[in-house]
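So, here's a batch of structures to check.
Two complexes follow with subunit A in common, the first pairing it with subunit B and the second with subunit C.
Let's look at the complex of A and B:
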């Protein structure tokens, strides 16, 4: 039963503020992913919770108790590092037993605990090996075993699978998920890989420049990014974000992308919602993911003519760059749907997948159609 | 690693192997000379051309260890028969073993000097490497104000040839009573080696990932425990390499030992050559002393050879 709370945390490295008023509440058994580009403050946040980094202001509470003045050894938190940090001079058994030896547990209990956790992680036959004789995946299993063995209040993971190759990363991702479901410990996981974040997290906390940008479930972060940063950071391919103008046109609204002659049709309620959200024309950006751009080979009502520029065949689907006005719109199509670059096709935007952002502040206007 | 080789490369390879063997032989020749002389009878030590084939004997080592004096007259047959085998060896050379009033055998100066060398070299090595390891850890892991300047200052103590300060050191030592004491030499050698030890160990410490200690800290250990349980074992290679270099420096040091000590704390290096000066030198005894003097460094280096090899290349391929 562990809850972690960060309250108004400020942290400076010299003149640089790396954590700006960070507030975060993590409930028991939750799997939180801190996601952001390098240098965004996510690792510093993690290290501050572990006690490896001091904070300049604010409170870190574990189960309601302020711990920011406690040493790491007194916080009862385990951490898995990107570099695995297995002690090279100890074999796997000793590595996993190391945290238990700090607690003066009896020899028999240490032995039993280590073997139990080794069984869960399926590394029982590796216990006598030195870390240098292990594969990357096994090293990470041992590192996780060392973190889990003393049943800490919470588990912190700093890009634990970042150093593995792509295939192994996928396997380990599934394994971490399996372990979390089985052991159910409060976990904070740091990564810059949005796919890892989406697949593992109960809740994603996106950070940039020391600030929390959005704190929500993976589905919500993907479907309703809070601002331009989140919109650009989450999702692959990157969301199309293009400056746009909105005007009433007869019974509906028209959204015209920068430099385009014609606009896409949107429901009339868009205008009212924009007015309510105080979104000013000229300071507006339309965001739409590639799957929200619908492509047709024939001219249909509401579709605009566009020219295909680059086609990226990705096997399961194609990503096609469509030139409209001055901008490119990336669409996701069936494989081979657009046969060749230079082809003239027709596109429309699915209003229910469209996002509107205030370009001045970068914030989403929160309009859902 | 078995890359394809052309015939000319193979020939070149052979030539290189022969060249290495020749160089090795040249380097080993003086050691062979000393070793063979140490086991020669005295009359064969200085023959021209040198004697290569001879019956080895250990009389030079016996003579090295005991105090001897010239015999005025030959010992009687009974005296000779009554003497133990090692004393007979001394008598064979026309000398007798000096005994004190109680009839106890008097040792020569060598065993004492050898012990002094061991005491001074081992203690100063332990001190220099120990202090160097802690200092290097501090510099490597914590933000130290003026780190670069301090490190340069530590290094700068090596920039002056040590002998330049011999006279002032001698006067200072005399004033505080450190002349001809073990501690005097230990302090001196520790001071010489410390800068070297700090710099070498800093390189090794920097190579040990910080995450190891951080993992130990999170695992419930204090920094001190993390240092002893994690950092020290990881630094073993560096410590071994540094210790060998410090030990060799302290063991071989000649100039200060000559100036600062004369009897009580004198080490072997100034003692061995002093034996040349008295009368007709017995080269076999000097060779025996030199050979024994070579052994500790050889043994020490041999024991640490795995660490040393790793340690030397470790530093060489640093990013």
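Let's look at the complex of A and C:
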């Protein structure tokens, strides 16, 4: 039963402000992912919660109690480090037992707790190995075991699988999810990998430049990015973001991408909604994910002719770069749908997957069609 | 592991142009060293082993007579020699423990961000760079009962450091501690700064107190390098001569090397002293071996 709350946290490293008025509420059993590029303040936030880093202003509350002046040992929080930080001179058993022995738990209880957690993590047969004799994945399991064994109030994870290779990362991702579902402890997880964030999180908190950019469920973050930064950071391939102009044309609206002769058809209500959202002409960008660009090989009503440029076959689907005006529009198609670069195809944009951003402020105009 | 030590010579290199192979270059470096070792170390070592079985006296013209193990028997049955060993052991224990405590403690103090850290470390290393004889002469003055600064500073009046038979050995050990603690400090400092910082963070997160962290994290991780310091200092303390010889001439400070010196160059019992030197050598080897065994055990972790 742990809630963590950050209130108006400010943190400076010399003249650099690395946390700018960070506010965050984490409820019991929630799996929160702090996502952002390196240097965005996410690790500092995590270390501040753990007590490894002091804050300059604001409050950190654990279960309603301010803890910013307490040492890490008095906060009862466990942490998994990116470098694993296993004690090299102790075997796996001793590593996992360390937090229990440090608080003078009785020998029998230590033994029972360690074996229990080893079972959960499936590392029972590794207990008398030294960390140097473990694979990366097993080291991470031990590090997680060491964190979980004393049933802390909350788990903090700092890019715990960032140092593993791609295949192992995928396995460990699933394992962390399984563990969280089973153990159900409040978890804060830091990563720069948006796929990890999407797959693990109950809630994603995206940070950039010390500021929280968006704080929402993975689905919401993906479907309705709050600003250009989030739109570009989340999702692969990166969302198409192209300066655009909007005009009425008979019964519908036309969205013309920069440098293009013709515009994509949109419902007429777009114009009214743009006005309501105070979108200014000349500082408007259209954002659309590759799956929102619909490609046809025959000429159809409402489709614009485009030229296929580069085709990236990814197995399950292809990513095709379509040249329209001065810009490239990345579309997701069935495998082999566009046979070769240079082919003339036809495209339209699904209005329900289109986003409009104010290029001056970078914020989404919040238009949903 | 021993394979692939030699790499082939780059055909464009100057050595190749001169027609020197890797092996001849290696020999060029190694042979002078080996010759030096043979002439100045190995030959005297073996030669003195021969003398240790004779009644040879370097002061006389009498030919050496082979006496077998008689010298060793005499020495090992001599209670005075055993007393010299006990004095030496006391001296080794006190001075090595003192050096480790002071040296490691200073290293702990220095192992943090403090202003002028480099300068302070260098200044602390100074005693180690002085000559033994100079240190001995200085400390003789410092210990002086009537005008020595130590009695003055500690307010001990006319306390006899060096002429008091019960105190003299500890006074010599204290000087040795002053001189060689910096050596232990230097090695400990290297060991301490090699302990990754994130391990301390992990220990803090794991709710380990400062003492628990010291004994379970810091000490085990510094242990191998600290062991090396202890090995060096034990060997040095075991064969210590200059300090004790210069500072006092008490019978209670007659460590084994002083006994050996007197036996060899004042009493001219060359054969007997060679035997004693061999006994000392075997003892030092045995002690070092125990340490090395322990060191390897520590390193395995």
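The criterion applied here is as follows: the second predicted complex is superposed on the first by the 369 of 369 C-alpha atoms of A that agree within 3 Å, B and C clash if a C-alpha of one lies under 4 Å from a C-alpha of the other, contacts with A are read in each partner's own complex, and residues count from 1 in each chain.
Keep this in mind: a residue touches a chain if its C-beta (ideal position, glycine included) is under 8 Å from a C-beta of that chain, and two chains touch if they have at least 3 such contacts.
From a predicted model like this one, the values you see are computed outputs, not experimental measurements.
Per the definitions stated earlier, placing subunit B and subunit C onto a shared subunit A by superposition produces a clash between them. By the document's definition of touching, both partners, subunit B and subunit C, reach A:85. Judged by the touch definition given at the top, the superposed model places A:167 against neither subunit B nor subunit C.
In the superposed model, A:52 lies in contact with both subunit B and subunit C.
Judged by the touch definition given at the top, the superposed model places A:130 against subunit C, while subunit B stays out of reach.
In the superposition on chain A, A:182 makes contact with neither subunit B nor subunit C. Note: residues 50-52, 71-73, 76-79, 81, 83, 85, 87-89, 98-99, 102-103, 146, 150 of subunit A belong to the subunit B contact set and to the subunit C contact set alike, using the contact criterion stated above.
Taken in their complex, subunit B has these residues touching subunit A: 209, 211-212, 214-222, 225, 230, 233-234, 236. By the touch criterion stated above, subunit A contacts subunit C in their complex at residues 50-52, 71-73, 76-79, 81, 83, 85, 87-90, 98-99, 102-103, 130, 146, 150. If you check the complex, the residues on subunit A that touch subunit B are 50-52, 71-73, 76-79, 81, 83, 85, 87-89, 98-99, 102-103, 146, 150, 156.
Contact residues on subunit C toward subunit A in their complex (touch as defined above): 196, 198-199, 201-209, 212, 216-217, 220-221, 301.
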